[in-house]
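All chains are identified by letter, namely A, B, C, D, E and F, in their written order; residue positions are counted from 1 within each chain.
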Amino acid sequence: MDIKLIKAPSPATLDIIQNRSKLKFDKSPGAMGLVQGKMIEMTVACDIAYKTSGVEVSDVRGSCPQNMVMLAIVGDMEEVKVALRNIEEKSKEKDIW
Amino acid sequence: MDIKLIKAPSPATLDIIQNRSKLKFDKSPGAMGLVQGKMIEMTVACDIAYKTSGVEVSDVRGSCPQNMVMLAIVGDMEEVKVALRNIEEKSKEKDIW
Amino acid sequence: MDIKLIKAPSPATLDIIQNRSKLKFDKSPGAMGLVQGKMIEMTVACDIAYKTSGVEVSDVRGSCPQNMVMLAIVGDMEEVKVALRNIEEKSKEKDIW
Amino acid sequence: MDIKLIKAPSPATLDIIQNRSKLKFDKSPGAMGLVQGKMIEMTVACDIAYKTSGVEVSDVRGSCPQNMVMLAIVGDMEEVKVALRNIEEKSKEKDIW
Amino acid sequence: MDIKLIKAPSPATLDIIQNRSKLKFDKSPGAMGLVQGKMIEMTVACDIAYKTSGVEVSDVRGSCPQNMVMLAIVGDMEEVKVALRNIEEKSKEKDIW
Amino acid sequence: MDIKLIKAPSPATLDIIQNRSKLKFDKSPGAMGLVQGKMIEMTVACDIAYKTSGVEVSDVRGSCPQNMVMLAIVGDMEEVKVALRNIEEKSKEKDIW
């Protein structure tokens, strides 16, 4: 799973995300976190991001939402960092059932 | 085959699943199990899940249901855990013919 | 090439197959054999299954029939077993030309 | 590149090919050769088959003609065998330019 | 991640890019930089290119924007070179969160 | 990157190319060069072919122009050979920026 942090994303970057997700940017967010991996990993990462900070989370897809799917997490710099940190840590925990 | 368990899935997570499956969530389920693998593995896993607990099972797909297909299993925490446990165990059994 | 045998397939399993093939199940078949591999392998497997038993054979596909394509073989338990056995054995034979 | 030979292909096999190619079978051909590989390999194989025997050649595709594409070669048993043999031999020759 | 530089791109090359992106070329640009890699890498590369020079940046896609997606960066030779240099260097920096 | 040369391409081969590109063949060309590789490699190869000979160049695609994309280069035998030679040599040169 790849995780990236973009500080003050440019209009061209917001454009790529806006065209492939339900996110709409009236003003540029402070930061954008990106997560790319298997569908199952990104679904879990989405859940972690949503629960640990006030950031907005959306899946990024094309017309065929296959292997270019990403997760985009936008918000203030600190909030996005906390979300990425949580994803990185909690994704490694082994589920028990 | 990857198996994941999400406890008390968040609205963003339910959204991802709802948009790609026949599942509709009037209220958030207690737990969601996810299974990702080859089509043949997921079909077998679906059969196992359906037969061993009262959980609801659905395939998760996009417009092109190729390599992002998952199996989602929702229900109470204990029911989902039993289903995941059964999938893990019975998938390893060698078929005899 | 992966081969799996499902005994008394559940409604959820029949649903997955019915939605992606020309098979229609008025009543649940005794068994379902699944074969997943390269297109060329599955075409050969289809031919073997059709010729060695009275089972019904169909390709399973999505809207984009690419890498999630499977072969489904339905019938009585013993017939399906014979078909799977034949696929396994005859697929290994080297063609001579 | 995978090459397979099907003797007296069954109706179910002809069905798979007919639904994904321009081939129409009024009566079952004596044999069917299948070639699966990279697009560039199959295009060259198509050219070889067409030039060395009177067999009929067609590409096999789905709605998205990506990685399940095959080449189908139909005709009498001996003709198909010659075509497959030529593909196997001439494909290994190094082009010089 | 692959990076390429095309000096004075030909009409056929501009055609390939024009048909798969929002770029429109009234006159041929001095140079075209191309970046191909994972979706997450290209999104970050897009952001870097946009911020470090006056070049025009666009994602390149087909009807299914999956694994043939590229990033095209057009402008004067020196501007495009600076953009590619920045992408190469900054992509290696480890994000901290 | 794979490169192939077809001498005096047959009608079946021209058909495969014609159905997936903008090339139209009123008469059979003397030779056809094929190039298959990553999108970024083929775009560069297209540029090289266009600039070093009078051959006609086109991208070959299906409805989803993903991993079956090729580049077709048609013309007289010697012209096509020069184009393929140039692609092979110039593709290896390291860009400097």
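Points worth noting:
Note that a residue touches a chain if its C-beta (ideal position, glycine included) is under 8 Å from a C-beta of that chain, and two chains touch if they have at least 3 such contacts.
Just so we're on the same page, UniProt names per chain: A, B, C, D, E, F = BMC domain-containing protein.
Because the structure is a prediction, the values reported are computed rather than measured.
The chains in contact with chain B (BMC domain-containing protein) and with chain F (BMC domain-containing protein) alike: there are none. The minimal number of chain-to-chain contact steps leading from chain D (BMC domain-containing protein) to chain E (BMC domain-containing protein) is 2. Contact with chain A (BMC domain-containing protein) and chain F (BMC domain-containing protein) alike is made by E. When chain A (BMC domain-containing protein) is fitted to chain B (BMC domain-containing protein) on its Cα atoms, the angle of the rotation, on a 0 to 180 scale and to the nearest 5, is 60 degrees. Among the other chains, F has the CA centre that is most remote from the centre of chain B (BMC domain-containing protein).
The geometric centre of chain C (BMC domain-containing protein) is 23 Å away from that of chain D (BMC domain-containing protein), both derived from CA atoms.
Our note on geometry: chain A (BMC domain-containing protein) versus chain C (BMC domain-containing protein), Cα centroid distance of 39 Å, whole angstroms. Spacing of chain A (BMC domain-containing protein) relative to chain D (BMC domain-containing protein), judged by their CA centroids, is 45 angstrom. Multi-chain contact residues of chain E (BMC domain-containing protein) (touching two or more other chains): 63-64, 66-67, 69.
Listing every chain once round the ring, from chain B (BMC domain-containing protein) with chain C (BMC domain-containing protein) next, yields B, C, D, F, E, A. Only residues 38-41, 43-44, 46-47, 49-51, 57-59, 61, 63-67, 69, 95, 97 of chain A (BMC domain-containing protein) touch chain B (BMC domain-containing protein) when the two sit together in their complex.
Taken in their complex, chain E (BMC domain-containing protein) has these residues touching chain F (BMC domain-containing protein): 2-6, 9-13, 16-17, 20, 33-36, 60, 62-64, 66-70, 80-82, 84-85.
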